[in-house]
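Here is the structure we will look at.
Chains: A, B, C, D and E, in written order; residue numbering restarts at 1 for each.
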Amino acid sequence: MKPLRPVDDVSALPTVTFGPRSLMWWGTLGFMTIEGWTTALLVGSYLYLRQNYEAWPPLRTPYPSLLIPSINLLLLLVSVVPSAMVAKAAKRLDEPAVKRWLLVMCAATIPTLVLRWWELWALNTRWDTTAYGSAAWTIVGFHTSLLLLDILDTIGLTLFFFIKKMPVKAFSDATDNSFYWYFTVGVWIPVYLIVYVGPRIF
Amino acid sequence: MHSFFDPASPQARAVAGLWWWMFGVGFVIWLGVAALAVYVANAGHGQRESDDLMHVPPETRRRIERIVSASVFATVLVLAVFLVYDFSVGRLLAQHPQRALTIDVVGHQWWWEVQYEDPNPSKRVGTANEIHVPVGETVQFKLRAADVIHSFWAPNMNGKRDLIPGYVSTLWFKADTAGVYRGQCAEFCGLQHAQMAFYIVAEPPVKFAAWLAAGSAPPEPPTDSTLLYGQRVFMSSGCAVCHAIGGTEAKATVGPDLTHFKGRSSIAAGSLANTRANLTRWIQNPSAIKPGVRMPALPFKPAELNALVSYLETLK
Amino acid sequence: MERRHTGASSQLVRRLLGILACAGLTAAAACKPEVSQSLGTTSAQTGAAPAGDTGHLAADDGQWVRPAKDYASTRFSALSEINTANVKNLRLVATFSTGVLRGHEAAPIVVGSTMYVITPFPNYVYALDLTKPGLSVKWTFNPKPELAAQGVACCDLVNRGLVYDAGKLFFNTLDDHTIALDAESGKVVWDTKVGDINLGETMTMAPLVVKGHVLVGDSGGEMGVRGWLKGLDENSGKVVWTAYHTGPDKDVLIGPGFKAFYAKDQGKDLGVSSWPPDMWKIGGGTMWGWISYDSTADLIFYGSGNPGPWNPEVRPGDNKWASTLFARRPETGEAVWAYQLSQHDLHDYDGVNEQILVDLPIGGVTRKVLIRPERNGYIYVMDRATGEVISANAYGFVNASTGVDLKTGALQYNPEKETKVGKVVREICPAAPGMKDWQPTAYSPRTGMLYIPHQNLCMDEEGVSANYIAGTPYVGMNVKMYPGPGGNRGEFEAWNPVTGKQVWAIKEDLPVWSGTVVTAGDVAFYGTMDGWFKAVDARNGAVLWQFKTGSGIIGQPITYKGPDGHQYVAVLSGVGGWSGAIVAGGLDARDSSAALGMVNAMRDLPSKTTKGGMLYVFGL
Amino acid sequence: MMFIRRIATTAALLVIVTSCEREDRRLNSQQPAAPTQMVPEVRLQPGPTLISDTTEGPYDDNAYGTTEGQVLFEQMNCSGCHANGGGGMGPPLMDDEWVYGSKPDQIFASIAEGRPNGMPTWKYRLNNQQIWQLVAYVRSLSGLTPKGARPSREDHMMVKPAPAQTPNAKPKNSGLPGSAQRP
Amino acid sequence: MTTLPVNEKLPADVTLSPDELLREAMALDTTWRDKPGVWGWLSAVDHKTTAKRYIITAFLMFIAGGIEAALMRLQLARPENNLIGPDRYNQLFTTHGTTMMFLFAVPIMTAMGLYFVPLMIGARSIAFPRLNAFGFWNYFVGVVFLYVSLFANTGPDTGWFAYVPLSGPAYSPGHRVDVWAQVVTFTEIAALCGAVNIIATVFKMRAPGMSLNRIPLFVWAQLVVAFMIVFAMPAVATGSTLMLATDRAVNMHWFNPAEGGDALLWQHIFWFFGHPEVYIIFLPAVGMVTPIIETFCRRQVFGYTAIVMANITTAFFAFGLWVHHMFATPIPELGQSLFTAASMVIAIPTGLQIFCWIATMWAGRPRLTVPMLFVLGFLFTFINGGITGVMLASVAFDKQAHDTFFVVAHLHYVLIGGGLMPLFGAFYYWFPKITGRLLKESWGKLHFWLFLIGTNVTFFPMHVLGLNGMPRRIYTYLAPTGWGPLNLLATAGALTIALSVLIFVVNAAKSWFGGELAKENPWEAAGLEWATASPPPPYNFIHTPLVRSRHPLWEPTVELPVVVGLRSDRREILVTTTFDARPDSRHNSPDGSIWPLYTALSMGLVFIGSIFSPYFVLGGLGVSLVGLLGWAWQSTQPSGVERVALPDGPIVERV
């Protein structure tokens, strides 16, 4: 074994970092890529199946309704604001603000999940009637699972902030949680356009 | 009779030519690279050059660079030639015939339904598991699947084509050598994928025309009493609810059409030679020969079985 | 009863014509001048009866001796006691329970003072005395058909009626017997078995007696039968001739006298060469609908049913002579001309509908035409001497085809709606029962309009494999029906055949599966499947009166003059038939392909009506 | 420790035995016999309670056999009359009403012998194995067989919920009262 | 020598005394060692522990798959043989394919990465050790599930690519295909967890100074493959879990042509994963070849950059070839030609790498040790498979050879040659690092020769069989086909392979428990993994090494430069910058936890339960929720004073 010669001392380096400097951010990014790609594949398959139809949605299947999905889209977009405020407060290590905005974030995001139920039925078809229905339900359903996971994450984080002493690292986690929420909302925009608006336009 | 190496059509011949070329070039490349690897592994050149673990002398490096670049270039070249050759073969195969005898083939678990198309629908000829084609004439196949994916493959004639539910695929070839060629389902299709074969009988156009003409005529009705009894057994048992015999009341389409059954060389989709003994064995217990086959074993008495087989033997 | 030979002397015919012309003129005097001419021609036509007392009876508007009223199939009654002004006072006079709970599609008939009613399977025949209050039963006849026949009847166990001629009643039983009864005593005169349920044949049509021949056809287009029309000797029941609707010319009775108008229908043995080998033997082309007779030309007209199986991919070719309109000689069955309405039929468009024989002013000339509101969605107006199509206009929403090419006579299919194996083709309109199924139209010479009860259904179809086993269904199609555009499943429509335009229409929620009758009082009657019996103003479609019967109505209303000299209206109520199978057969609506896809369109019917079997008679 | 091992072994054996039955593709096996004794169709019986021998359908808990029954159901044109279970010319099979009883051997008898109101007799056309497979499929339509062995959707037009989605059901009009059945 | 990206700030004459090192090592050992006992064993998160479990399980799967293969070969040994019926045979070949691809090849390649990547880049651990353990347990649940099912006669039987509609609800009743779909789901989750881990680890945890151009080639290969997994595995997850399983369980119509679904969609989706899958197996293997050649030829590899670029191009092209598995399907001819060209182009980077290795050997002094022999075996065998692969890119020829034994031969040449041979070489090469003991060379040579001969005797005749018309996946054939003799030969070859593997197993077992002790760096190799003890301690390195070149241990310096300052009283790891690998922050790595196992089991409940009833999904999710909460609770325990780098401000200390 070669003798070791110390050439640098890292003890002054920070132990909690935010954003791309933190490992967790990379892990989040990795799973975002996987989930985003899965959504893209589903959307690709949806468009592939479209070639099998003379009309899309198939004849006798009504267009998806737009009211609830549009409201929900709006709500999702609005929910980005408290989410950004959480991240901003977390980056200041401002615990009261983080708690406050987390509550607001919960209040803004949980209804989206509730609305999602009607949003599924707003597809105006069942998953087991045609391949169109299957594809639309699967895409929206898959996004629902992302939504559910992220909302559970937010709820858990909020809960923990209120009931226990959180380590400083939790502030970094809170920013990653917001980061993930941006993704969840961002990925919904093309899905909304393709699944709900798309059949009416092209 | 069942081999890519004995092409019996221009299509298969072209591909076989491509293959022999690829084989030759590939073999030379393999031999060259393998020999080189053995040589460098044993020669220990490096000893003469340097003991520095991390670096080789610049002149050696340049020489190696040149050799590696040349090899890569050679690879690209060979691939380019291959690509051109392949495309030319591909274009030959893609030449859609102007007018061709069209044969509809439907893949079933686990047999092949065959229908010869004709603008006059009453001249259509149906058979199963054995396809007669005229030598020197392009034949087009329209391939469909009735249940799962099958793949139609007669290596002596042309490559395979998948039969996929929801799609109609086409395949064509021109047999140029008379003979009997075996083919087989090439896409895994369930329990009896292994025994889903068919035969292509390439014969001179005159003979083929005669065969086709005979195909649309029903067989001679039985006369002697055993045969009549056999026909009655057929009609009054489970046979008639699955099979059809032209000119009789049996017109079912679940199993192969038996109108000219004895004219075929094999039974059970190429599983057995079409002999009396085999036929008897097959009818007695089909799943003993093809486990999982959909044809049931029916409880025939020996006399019935005998008459039935005798009757089937007359369906020329 | 005096026995009349089929070859009635021309002298007699002339005499009858004279009498009837007089009758027509009398009637004409009572109505508006502008319609009198068409009435006159029609009546002359109508009354052109050749034989026996049926001629007198048919001419007598107080009677109703065959479901279609007259040979021209107008279902028009010159009775006018009940009219637009007083129809609102119509009340129930008598009822009679038939004791059967299947679809009652039959028309009661009235001969003299007796009303005869035939029920669905088991095909009881009742003779009801109209002179006694409350329709007392004179006699009952039970033909005791084979129970097993129920297993091969495609669309409920209906019977479309019996017919009276020369003292005898003629009807078919589900198990393929044609029976002649003595009308007075109800005793069997003869009983001929003309079909075989083991081959999938059943009989549901009402026979027609022409020149001493009882014309009967078989049902079973969904069972791989070979369709035919037979002419039976009226007196002995012997089969005089059989005209098949598939197969070689000699079986179809196409002889040297045959001349089709269009090239597509010309050729030798088309009934064989337009089929894959042997398939004509199981190719359907049944005959279970209506026959009309033109005594001047001495031709019967009728259409054959759908080719089998439904799945068109297994029967490439035109599939002649299924879905074909035939003109034949009644005594020999010899075909004079034929016109295939739906070549290589894709969607079960049987051609069995009624044809109404009238003379119409078309393009300034009066032409002898037949009018067919066809199942494929077009009203064909054709020259009945030659088979030329004069016009063919859609009388509802049609997308399965784009029209009829009047040059070639061919139906122009829409390739997008062509059924495919293994692929659902969506929104095919009209659906398999067509724009109009068997339910017959009436024609009023007073208004010059057709009164068409029909449905408005579309469907999804998927071709599947079809296996032929004699005596079992041979369909090869998954079907799912639903309401057509507009959402109303039925319509009662008035149509002007001269202009080829709709005049008025009543949209009904449920298919209008009943027949109709129109009177000189300008009232048209029809029933709905939820049990309403309605009287409407024939001129404008205003509903003037309605009565809720015990079950859905799919029968054919009639009107007659009772022994008391007053006009009555009678109809059988009892839901069923193809469209009512969900109630009559107790089907499960979770399977939308049940009853060949009809159940999906009728899933709410059980909540609107129940089984029944009752005769209703209404009077003022 | 011995105890745990014994439990583990039993559990493993149980898994193997139970799922063997459900997944088995009986290809070469001996054909199941026809029921030796027909179960009466009517509940009403004179005299003391009659004990009858009810047999289990040999394919009721066999997914492959049930699906083979499904194939036969189409090939033998059962679907022509009974549609995809909803009925048409024939009575519906997916409901809980059984004119001639819902027990496997009763259905076997209905198929094999035919029934007077139009059901043809199939015993000369199908062998016992095929009839038993049909029995399993017919029972699966109305949720009478174990759920795991019932077929899912077909590659056809969607016309009805798949048997696997049909809730488990108790039949009506199904032969003898429960107390009279010998297990 | 290139300039260093890292400042060497400390005086040049300080070295650490053995005493200091020992104290540090003991402190680190207490901090990092997995807890003892059954509970500790189940909660272990050390990347080496997890990777070892992976390797052993995957190798057991290799044996299982091999036994299945041997049984199939015995059935095919002669025509019309009656040893195994079609039903069993179908289950066997499906399980064989599924096992070898999903449960052996991909996991073991990932596992080698999970073991060696942190060691090779000088890291204490992996980025997300608990996620790593979770991944393994998922995989393990999948393994157990598949084999319990197989013994319960519920083995999948529609081939490892489970083409619909045969695998769809209408033609595969029962739960056999569901088992396949869920096993695939488990392995996908495992692979994705591994891939995310490797990406984060390689990007953020490299030793100071290990800039992108100094990353060892094995690590490069693992990085490229991790990216491939991230884009390939979701495809099969989509296909099997979101489409096939839902078609089967809740009547979706993805693949029902009647209702607008499409059987070809499955093939597109599957091969969009399936083709990259081959490279997911192949690239790590060639990543193993490079260090073996370097070490035993005592030369740094020729064309480092070229090989890295070759890896990256291969990865890109791998996603553009899937259609060449579908040439026999009715898809447009123009599209096919495009895929032919792409399939041929991918031969170029592969050829380039081979030439680079040969050049390296040429310039070096090869020692024919067992790992080297396996590398040579790899070259012979893989090139054969590669050439047949180029042949199969031809649409015309592929239509003949597709789905025949020719393809079986080709894919085994590629996977055994390109995957298994380097892997065996790697076993011999790294065995001493993992176990601290050397494998016996003589046994190894016997193993190699038998394996090489066995492979060629088994698979070479299959080329001829395929062209003579023998389709794959047939359980029997008739005597007149004339396929008997070559099949018998192939069976003999298969048994030879079995024998050789048996020799390896015995050798490994004997050596592990009583083999010759290995030194820290027995081969005098250059990689950082050899800079620590054999087997490596739980903390990998006492101090994080500092890297000045691609071959740190071949540096002519006497001492190994290290950075100090990481705490030893908690699991602290060094995070460096993505490109230059400058020290950036310290990160607290989590310690052992039972929650990954709990969560994996509850996910198992979800996926396995979903086969039987959708309600299991809801219930299972509820149970999983407990696990996730517990996991999160444990992850948010207070950890004392932290130095927080505010995003746009100074570093502050907070509790």
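Observations
Simple rule for what comes next: contacts are C-beta pairs under 8 Å (C-beta built on N, C-alpha and C of every residue); 3 or more make two chains touch, one makes a residue touch a chain.
For clarity, every value in this text was computed on a predicted model and none was experimentally measured.
Simply put, of A-D and D-E, more C-beta pairs touch at D-E.
For this pair, chain C with chain D, the centres built from the Cα atoms lie 43 Å apart.
Separation between the centroids of chain B and chain C, computed from CA atoms only, is 53 Å.
One finds 74 Å separating the Cα centroids of chain C and chain E.
Here the CA centre of chain B is 39 Å from the CA centre of chain D.
Residue positions 85-87, 165, 171, 247, 250-251, 253, 256-260, 262 of chain E each touch two or more of the other chains.
Counting partners per residue, chain D has 25, 27-28, 75-76, 125, 153, 155-158, 161 as the residues that reach two or more other chains. Multi-chain contact residues, meaning those touching two or more other chains, occur in chain C at positions 422-424, 460, 462, 465, 467, 469.
All chain pairs that touch, listed by label, are A-C, A-D, A-E, B-C, B-D, B-E, C-D, C-E, D-E.
Interface residues of chain A facing chain D in the complex, by the touch rule stated above, are 128-130.
Put simply, chain E touches chain C in their complex at residues 257-260. Touching chain E in their complex are the following residues of chain A: 1-23, 26-27, 30-31, 33-34, 37-38, 41-42, 45, 48-49, 52-53, 58, 91-93, 127-135, 137-138, 142, 152, 156-157, 160, 164-171, 173.
Residues 6-10, 12, 14-16, 21, 127-128, 131, 192, 195-197, 199-200, 203-205, 208, 230-231, 233-235, 237-238, 242-243, 246-247, 250-254, 256-257, 259-262, 265, 268-269, 272, 520, 531, 533, 542-544, 546, 553, 558-567, 572, 574-575, 578, 583-588, 625, 628-629, 632-633, 636-639, 642-648, 651-652, 654-655 of chain E are the ones touching chain A in the complex. Those residues of chain A that touch chain C in the complex are listed here as 54-55, 58-60, 130.
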